[in-house]
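Here come two complexes built around chain A, the first alongside chain B, the second alongside chain C.
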Partner chain A sequence: MNRMQTTYAVSLRKWFRVYGTLFAGILIILCFSLLSPDSFATVDNVINISRQISFLVIISLGATLVMAVGEFDLSIGAMASLGGVVAAKLAVAGQPMWLCILIPLVVSVVIGYINGWIITKFKVLSFITTLGMGTVLGGITFWLTDGATIFENIPDSFRYLGQKMWFTVPILSFIMLFLTIVFWYIMSHTAFGRKLYAIGGNESASRNAGVAVAQNKNLAFAFCALLAALAGILMASRLGSAQPTSGDGLFLPAYAAAFLGMTSFKEGVPNIWGTFVGAAIIGILANGLTMLEVPSFLQDVVTGCIVIVAVILQKIGRDAS
Partner chain B sequence: MLQVKQLDKRFGHHYALLGVSLDIKDGEIHALVGENGAGKSTLIKILTGIYSSDGGNILLHDKKIEITEPKVARKIGIQVVHQDRQLINSFTGYENLFLGLTYPTYKVGFKIRWKAMKQKAEQLKTNLGISLDLGKLAEHMTPSEKTMLEIMRAAMLDCRLLILDEPTAALNDEESELLFDLINKLVAKGTSILYVSHRMNEILRLSHRVTVMRNGKVAGTYFTKDMSKEKLVQLMTDQTTAANKHIKRSVNSSKLDVLQLEGVSSFDQKVQDVSLHVKQGEIVGIFGLAGSGRTELLETIYGTRKIRNGKLVIKGRNITSFSPKKSLSRGVILIPEDRRADGLILNMSVRENMTLSTLPKFSSIFRMKKKKEQAVVHTWMGKLQVKAVSQEQPITELSGGNQQKVVFAKALLSDPILFLCDEPTQAVDVMTREEIHRLLIEQAKKDAAVLLVSSDVQEVLDIADRIYVLHEGKTVAEFPNKAVTSEQILQVCYNQRKQSDVINE
Partner chain C sequence: MKKILSIVIALSLILTLTACGSKKDTKKIAILTPYLSSVTTNQMVNLLKKESKANGWDANVVDTKGDVGQLANRMEDVIATNVDAIVLVSTDPNQVKAQIQAAKEKNIPVFGCDSAYIDGMAMNATSDNTAMSKMITEHLFQQLGNKPINLVVLTYRPHPGVLKRTLELDKLRKQNPNVKKVIEQQVNVPGPIENSRKQMENLLLANKEDGSITAVWAGWDEPAIGATQAIQAAGRKGIIVTGIDGNSQAVDLIKKGSPLVATVKQNFTGMAELVTKQIEQVLQGKAVTEKEQYAPATLITKENAGK
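Our next item is the complex of A and B:
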């Protein structure tokens, strides 16, 4: 009997470690539902939230990839801004829609690959390198826009992806879900994903096992930049305008989401669904607190505290095991 | 002065030290010799308070003492200079010298009295007759200057017993001479020295008495003047257990060379001008003392260490571009020495670790073939008798021996023609050791070639068909494994004399 109790306690603790964050998310939803029942727990608001978090989820997926290989990309905010600005400029210049999206995406892949190449070729810290790259990209964005928001003469077609619905669900939400599933599949069901996790787990052992460490890292950075630029383009499309600093606000929450994600499902390892849950929690908090008319500066305080608590809980959980 | 009586130290069920007794007199240079794993380091660690003993006493001037932590050792006057220098590179000599000591400060405020520090340091320097620019940063110092600095640091404190662990390992001949002068000066002042070294010539020249350790026990303490190199090596290698277990296998001389090295040097010169060859179906052992470039040689062949010049031929093909990935595609696999650092992905499962080298076998561009992967992993876990709850168990939860089996399974999955094994049985249990040996012999029977590096002579003698001895990055001898004894091999290693010995004799 006693032994059964202990195993029960152990499995409960394990369950909590793996699903604790998800559980906390549900708890937050319940709280908001009780506090503002008329506005929070409505179909409209759920749809609204899914649209609000779409940019964050998409950019966080990229952050998750570079974190999986044990690196950071601090240029994703600037990359998103640049993506949005380039797309908007092309749209204003009257280019067809597909080209307005494709060109910034291609540019982002090249920049991401360069990020990776510098880091793997010269064996320098990704932290510093991408911080530098972010500054460079920020400068280019300002040069392209003269520091002003692009909003005049933007054709309606540019707003399609960001503002239209399919079957009463925003296209943005579809894109977000689609990409989450695609990257979950890549990370957990392909050899590429396995290699990324192996590199993050032990670079030297991966190299000895014949994994092309540099090449795979470069690809992770390229994917990361691609997703950041896409988030920026979609955000410009949603707003119908492109600000030279629009991506800045996404950068920190993206890593917060990825870190929160490390506390769920695959413990201690950056993982796609964990990141999705992390981004959702951050989004739901923002939404619910706004409804409760909590000032935005206080929202930042709450979000920041939650991230810190999450990493502490994860550390405690791991030490206990 | 210091007496060690019946000291025991256990790690699990294994005795690292058993009934070790030793005494060191005032002003004596006492040498400590023994093979790798004989227990020298363990003894030093107990004397300096890093380990605690499981039995026995330590007496200082006939008074029983308990060395519970490094601080205590320092306080009672036992100082140690480790083989790997423990200096802060970005600090100057002065700053390193006062590291861990109370800095002299002004009475008011906390400003350090740099002048007083310098004076004290300079005075010590004159006392010991050292010429060294203490204003230099440690990172700009030569290995010799660093050693001097460490000894000075020891002398800053009350230094009654100075333990020197392989102090000449990184020094050239002239620098060693300077060190010997310094040692003699310290001894003249009454300091006792415990001198640990692999270099027989130094020991014979410098020490008053020598204690030989073997398998965690003291084989005896002798007056150095009664000793010779040959006698010491004989004492170090235990002849009684050295029954050669080698099962003679005839390697067909018509077999082709799988690996040929001609004058291979690594970029950092850790490997210098090595020539060797390994035939199909042959197990070739490489033996060398610590720092002889054993690991570096395998890394150079595998492509993780840059090659400077020389010719490397694998199966008749001249190899010009190197990387682990390319090596694997040529059928060459490395079993690294440190499996946790270089062999395994610790946050992954048994299955994920086992298939990492051969992912293309289990995947198309779009997906992993999970079923096939699981089936193959299941088969190999059975073949090598890997003890794990399931193939999804995290690799860290397995014992060392079972982890190593997973490393081997990973290697075998890639159907290698050449195994580069670096200490393949390090930190594994006896059973697994036997299993790994059997496995390598089996692979050799199937015409694979094995290049085996080991710091354990017995292991090399047990399974190798031919043996190379490595010294300072060079191959210095080659033996067919017939009638060769561990003593002969060790003689070769220890007899590698330095230039100064030749001149002095």
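Our next item is the complex of A and C:
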């Protein structure tokens, strides 16, 4: 009996370690649904939240990739701003939509790859390198826009992805789900994903095992920049304007989402669905607390505390396992 | 189990926060801004809150700390809660165009306070930024007479009001052959005083000769204060600074005879009053008086500072 009780307790603890964050997310949803049934617990609001978290999820997926290789990319906010601004400028110049999206994405891949190349080639800290790159990108964005918001003469086609719906669901939500599934597949079912996790787990052992560490890291940074720029383009499309600092607000929540995600599914390891849950929790908290008219400074306190608690629990969980 | 504990703590915090929730049957006003940390925006938000309270409305303030994407999200949230009116403070409405349309579709009137007016909004009350810029720029140029004006511009073009001011400066500067722009710097928001002070310190070090900088034009008072502090700390003479907004710290510096010689006092009280009056009208089912309304501004110099 005692052994059964112990086994049960261990498996329950394990279950909570793996699904606790998801469970917390569900509890938060239940709590908001009870407190604000007329506005929070509605189909319209589910659609609303799915649209609101789409940029955060997309940019966080990239952050998850670089965190999987044990690095950080602090230029994602600036990359998102640049992506939005370049796309908007091209749209204003009358370029076709596919080109408005493709050019900033290509630019972002090059910039991301350069980030990775500098870090792996010169063995410098990703923190500092990407912080520097972020500053450079911020400067370029201001130079391109003269500091002003681009909103005049933006064609309607530019707003399509950000503002239109398919079958009453925002296109943004479809894009977010599609990318989450694609990157979940890449990270869980391809050699590239396994190599990224191997590098993050033990870089020298991976190198000794014949993994091309530098090349894979460069690709992780390139994907990260690509997703950041895409988030920026979609944000500009949604707002119908591109602001030179629009991506800045995504940077910290993206890492908060990835850290929260590390407490789900694959404990202590950055993972795609975990990041999705993390971004959703951040989005739901912001949405629900606003609906409950909680002052914004208290919203920050609540959200910040939850992230801190999650990170502590993730550390405790990892140490215990 | 610890996770459960953390969830319980978080949820109880949320519940506690909402325990003092809003009363039913009172009109709900959502006040949204990305710039609450700015002195003047803060002043307007407080005035709007005060006016709302006086009218028996329940005002909820949402600040997104410079993040326009978040502002759009939060605006959607308040639309979903069917508030009775939304006030955008110091916000470029073009950045939330889709949300303004969404509010219109749900018959929620959107008011601007020191913002701008676009289609779909009920109205906007502001100062005439172009007129204020003209007033302060002409005063600055007059102060230096026919001497060459080596001008430093401290601004933040993403802000719609500041952009209008800066564009007017650009126009007047080009009309005056005496004016040479040394440099234009974009000031970081939040933290404009500290950021502009640093920028000015660096510019003073880079332009050590007397007369290499003779004037600083700031798009609003906070960078003017930062620049003034840097000039005073460096002990430099022959540089005058102007700001716009008329915040109390700037007026105090003008009164004390610092390099900050003038500002234009915006009538924030007037703006908040104009918006409140229009909200009152709309909530009573009447139409707004004017879609764009201006609260008149005053030039503040040493002669009238503090009076």
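To be clear about the criterion, the second predicted complex is superposed on the first by the 320 of 321 C-alpha atoms of A that agree within 3 Å, B and C clash if a C-alpha of one lies under 4 Å from a C-alpha of the other, contacts with A are read in each partner's own complex, and residues count from 1 in each chain.
One rule holds in what follows: a contact is a pair of C-beta atoms (placed from the backbone, for glycine too) under 8 Å apart; a residue touches a chain by one contact, two chains touch by 3 or more.
Everything numeric here is computed off the predicted structure, so don't read it as measured data.
For the composite obtained by overlaying on chain A, chain B and chain C can both be accommodated side by side without a clash. Applying the stated contact rule after C-alpha superposition, one finds that A:21 touches chain C and leaves chain B untouched. Here the apex is the CA centre of chain A, and the angle it makes with the centres of chain B and chain C after alignment on chain A is 120°, in steps of 10.
In the superposition on chain A, the chain among chain B and chain C reaching more residues of chain A is C.
Shared-chain residue A:117: touches no atom of chain B or chain C. In the superposed model, A:190 lies in contact with chain B only, and not with chain C. Shared-chain residue A:241: touches chain C; no touch with chain B. Applying the stated contact rule after C-alpha superposition, one finds that A:209 touches chain B and leaves chain C untouched.
Taking the two complexes aligned on chain A, the least Cα distance separating chain B from chain C is 22 Å.
Once the two complexes are overlaid on chain A, none of the chain A residues touched by chain B in the first is touched by chain C in the second.
Those residues of chain B that touch chain A in the complex are listed here as 302, 304, 324-325, 327-329, 334, 336, 341-348, 352, 356-357, 359-360, 362-363, 365-368, 370, 410, 414.
Within the complex formed with chain B, the chain A residues making contact are 189-191, 194-195, 197-198, 201-202, 204-212, 268-269. Touching chain C in their complex are the following residues of chain A: 13, 16-17, 20-21, 23-24, 27-28, 31-32, 35-36, 39, 42, 44-45, 48, 51-52, 55, 142, 145-149, 151, 159, 163, 235, 238-241, 243-246, 248-250, 263, 283, 286-298, 302, 305-306, 309-310, 313, 316. For chain C in complex with chain A, the touching residues are 1-4, 6-7, 9-11, 13-15, 17-18, 21-22, 28, 36, 58, 60-70, 72-74, 76-78, 80-82, 92, 94-98, 155-158, 160, 163, 186.
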